[in-house]
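You will see two complexes here that share subunit A, one where it goes with subunit B and one where it goes with subunit C.
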Partner chain A sequence: MAEKPITGEKKAFMTGNEVVAWAALCAGVDIMYGYPITPQNEIMHYWTRLVPKHGRKFMQTEDEISAGFTTLGGVMAGKKAFTATAGPGNVLMQESMTMAEMMRIPSVVVVQQRGGPSTATVIYAQQEVTMTTLGGNGEGFRVVYSTANHQELFDYTIKSFNTAWKYRFPTFILGDGYQAKMRDSVVMYDPEERGIQMVPTEPFVGKPGCPGQDRAPTHLRNTYNIEEELEEVVLQYLADYKKMAPEIVEYETFATEEDCDILLVSHGIVSRAALAAVKTLREQGMKVGYFRPITLRPFPVKELQKEASKVGKILVAESALGQFNRLVKEALYGMDKAPQIVELFRPGVGITDEEIMKKTKEVL
Partner chain B sequence: MRIVEAYIGEYASGKSEVAVNRAVFLAREKRKITIVDLDLVEPCYTLRRLKKLLNEQGIEVIAWETEELLGLGETGALLHPSMRWALQKSGDIILDIGYGVYGAKVLNLLEGAASDPDLRIYAVINLGRSMTSTKEEVLEYLRTLGRVDGLINNSHLGEQTSKNFLEQASEIMEEVSEIVAIPIIATTVTEEMAAYLSKSYTHPIWPLQRYMHNSFW
Partner chain C sequence: MSENLMSIQPSMPKCWNIATKPHKFCPGCGHGIVLKCLGEAIDELGIQERVVFGCDIGCSLLAWDFFACDTIQTHHGRTTPVMTGVKRAVPDRIVIAYMGDGGGYAIGSQHLFNSATRNEKITAILVNNTNYGMTGGQMAPTTLPGQKTETCPYGRDLENDGYPTKGPEAVAAITPEGAYIARGTVAKPRDLKKYIKKALETQLNGTGFSFVEALSGCPTNWRTNAADTWNMIEKKMTEFYEPKELKVPGKEG
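Our next item is the complex of A and B:
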């Protein structure tokens, strides 16, 4: 067994992409499959620099279709594997990741969102929410963590391997190019030293024993003969997903125990601006609360409804044209009295705390 | 004596921040100064946003305007003619060799770089960066760089910078400097860090003001 890459704590000044590479290292990743696309390239650059020092592996594939499928292959061979992509690369990975949904393969993909549709811009947006949460021709049996800062990129990259291998749904870290490239200090650690039990991997193929005698035959399938067979499988997955959801759903609130006239709802890096806005507005005497889902899938439905039931208005801020808002609206459906939604959509553009404060003041 | 300095280094080591501060310092000394953005990977993200601020301080900035670029995204970057011929300009020149991957090789694209007698290539090193955090790692990294005339100790851990860290960093840099026989040109220090400096350095201290957070990152 190779030495641990980090003992104790290691403080460093890094870019988000590097944090992901180091987190994968600390999580015990065996292999990364990768194909370049801005703004996640540095995940590969740093992973490949770490690989020779720590006895791990890397494979560059011919495109993202292959990167997605080779990752699934690595996982099925029992390796802790992951890949990373963005924008058009994420589009190409929908085929493989939908297969992961159908076959319950514990894949991990880091998505550093860039502008869309298509090639658009290379650095930033929050325009891959729909695709990452509900992409492909699946039913959304995915886990998606939307991180907001470097420490979370580290913590959740490690967590995503455990979530994936424990519950067997394809798991995604949804970051963006600003998180990928901004510089910040971060505290890295060995997860087991912090009491985080790493879920072991196991191969799907080549299992010991004689099939049919010592164990059931291994039948790995992503296709069924008739419609009713599929329905049974999908409904079983739904039951598994619903059972898992309360165990892994994560969210953050601020100032919601106090009286609120409006709730600011956002995710990812925009939530940093929203939190700063809420703190400043509270100091100015305004009754504003903050809600941030950390898991976009499964979405914290109950929790959002609870906070939303206390306010007449919610402000949804995102760097997209309502992709996150769509998840919010679905979550609010069924409430006796759903709040009015105020939209602050900046497709492909960052949102500052000043812009959020200005909009909040306009509508209150 | 004409000052021509190229700042190279690991990704996010502080090349642009140091280059900008150097330009500002030279401008304050009433020197004619041009700073050239040679980030050929992220051309819109480094010095472009600081252009106006730097122009106001009497610094000429050679960097792309977004309207001039065709939106090639990551498919490729263009070298502006004024970048290619930058060394022909009179006065001092600061070259910010962005993105770091190729070290000083980008200088191969500049006319006259190979023969310019005033050109000095400085490697900016931050011991707080995970790939250059020990003496061995810094030495290994320096071996990949090709020609280096001087070292800049830009060690810090952002908000987590501590006195202990700064002292250890400077000790390591001094050892490295001796081993590779390349002088430490300066240690850069922000106002907050200045409070932690207890030892006296044998090389200059360059005070650093943060400009790059007004850029993108």
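Our next item is the complex of A and C:
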């Protein structure tokens, strides 16, 4: 392998998009395929400036359909490959990601959410939760990490390649325009130096030896002839997914061990405001807790139920009209006594800790 | 026919996957001839080990286990980008994107034409049978003027449905010198094999994009007997689609 891009710890103050490019470099990505869309463009901008020095590759495609499918080609060739997109581009990538689900292709997609529906804004939203977790015709056999800050963009971009290659489900980093464009501090590092073993890649096609002579040819398909044949495949995937889920589910809590009347539930960058709100409200003597799923797919169902069973109310804050809340409600279903849900929804708009505190005080 | 003759196995290219023969295409379908030409070309060039074959959705999907070559079945229209992705990642592989006219000229036209303008070092082979076969004979970009299909039951009306796509002409117009573009026909398999071989040689030489359209028949959806099928392929189709080499590396067009 070529020289490590980073040795030791490198502190930096940079945009989230630049962080993703560096993380991909440190994760050993061989090739990025991409198509321009705001607010993810600078991932490509930084990547294309970094790659000549480090012997990596970039290909600009004709659209996001192609960016998704060329990425799958690169992955099946045995290379660590990824793409990045947002909004309408994420829509176009759903097709290729269903092929990744069906053929268990360890692709990685970084999504920097922008406003929706349609072209909407290039700025920020959390409106790609439903599409990223459950998009396409299929069963949502994917892994989605919702990051909240630049350090997580770095850490989880590296982790996403390992999750994808270990479990062979398409894996997503769900960021947003704020994280993409904002400058913030980050500590970058070489994963191996931190004891993070990078999962090796392997080619699906083009393995050594002559097919039909030295080895059996690889024939990969996504079409099935009969209903039961398909069902068997999908149920096997479900079993694999269920086995994986407890191994990779991640979440974060704060102040839930103390006496709690209301639990603030949020994800991504909104959880930073929620955490700040909980800290301030606690100082003011209010019994408030904080829960944040990091994996939206698979969702930390048991963990949320455990915290939710202690409170009478949950406040769900998100920059969308209840896309995340649907995942929360599904997770709470079946509880003996599910708490009441209070909604703080701002579609395509950022949420501050003041707004969360105000809403919390109203309902406490 | 004597029992002895019946037991003779027809000659098949070495790179064919014998276990999946006889193949699954309809009787009279042209895919088998195109794939035989491709198989012989692969054998003659000795590149079986290096080939990654990609097939589209539509009748071409039935080729997913046709060769003893590593194969990826992709989505409708998406074979060109998948194989482009493979080639970019591992340039020493010889990648072949195999598709029908719907996959190449309609739903995947942006991929075909953009790969051509980028002069990707891949080989695309497109089978033109003037209709969507797998879905039951709808109008395709290649349906001839006046030709009846399920979605133009009174014949293709150029005012309403537009003109048929002349793919190789279009691709030849947007590719630089070094690319190889040809249209062959299953009625002349020797020429077709020659074109496919030249296309693969173009990829081996790394001079540019290579593209071969193969005129082919679909008696099932055309509802034609053998004589009418051949009449369609040899007479009617060639009136509109002239089989020829349109671009050859080293030869000024």
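Quick note on the criterion: the second predicted complex is superposed on the first by the 354 of 364 C-alpha atoms of A that agree within 3 Å, B and C clash if a C-alpha of one lies under 4 Å from a C-alpha of the other, contacts with A are read in each partner's own complex, and residues count from 1 in each chain.
The rule is short, and it goes like this: a residue touches a chain if its C-beta (ideal position, glycine included) is under 8 Å from a C-beta of that chain, and two chains touch if they have at least 3 such contacts.
From a predicted model like this one, the values you see are computed outputs, not experimental measurements.
Between subunit B and subunit C, C touches the greater number of residues of subunit A.
Using the contact criterion defined above for the overlaid structures, shared-chain residue A:Thr119 touches subunit B, although it does not reach subunit C.
In the superposed model, A:Thr218 lies in contact with subunit C only, and not with subunit B.
By the document's definition of touching, neither partner reaches A:Gln151: not subunit B, not subunit C. Once the two complexes are overlaid on the shared chain, A:Gln305 sits clear of subunit B and of subunit C alike. Of the two partner chains placed by the overlay, only subunit C lies in contact with A:Phe69; subunit B stays clear of it. Legend: residue contacts after superposition of the two complexes on their common chain; A:Lys57 is shown touching subunit C, with no touch to subunit B. When the shared chain is aligned, subunit C comes close enough to touch A:Glu95, but subunit B does not.
Once the two complexes are overlaid on the shared chain, A:Thr130 sits clear of subunit B and of subunit C alike. Applying the stated contact rule after C-alpha superposition, one finds that A:Thr253 touches neither subunit B nor subunit C.
Within subunit A, no residue touches subunit B in one complex and subunit C in the other. Listing the residues of subunit C that touch subunit A in their complex gives 15, 17, 48-50, 52, 57, 61, 64-65, 67-75, 78, 81-90, 93, 110-111, 114.
Put simply, subunit B touches subunit A in their complex at residues 11-12, 42, 45, 73-74, 101, 126, 128-131, 133, 156-160, 165, 216-217. Those residues of subunit A that touch subunit C in the shared complex are 30-31, 33, 57, 59, 61-63, 65-66, 69-74, 76-79, 81, 95-96, 99, 203-207, 209-213, 217-223. Listed in rising order, the residues of subunit A touching subunit B in the complex are 10-15, 18, 22, 37-38, 42, 45-46, 49, 119, 121-123, 178, 181-185, 187-188.
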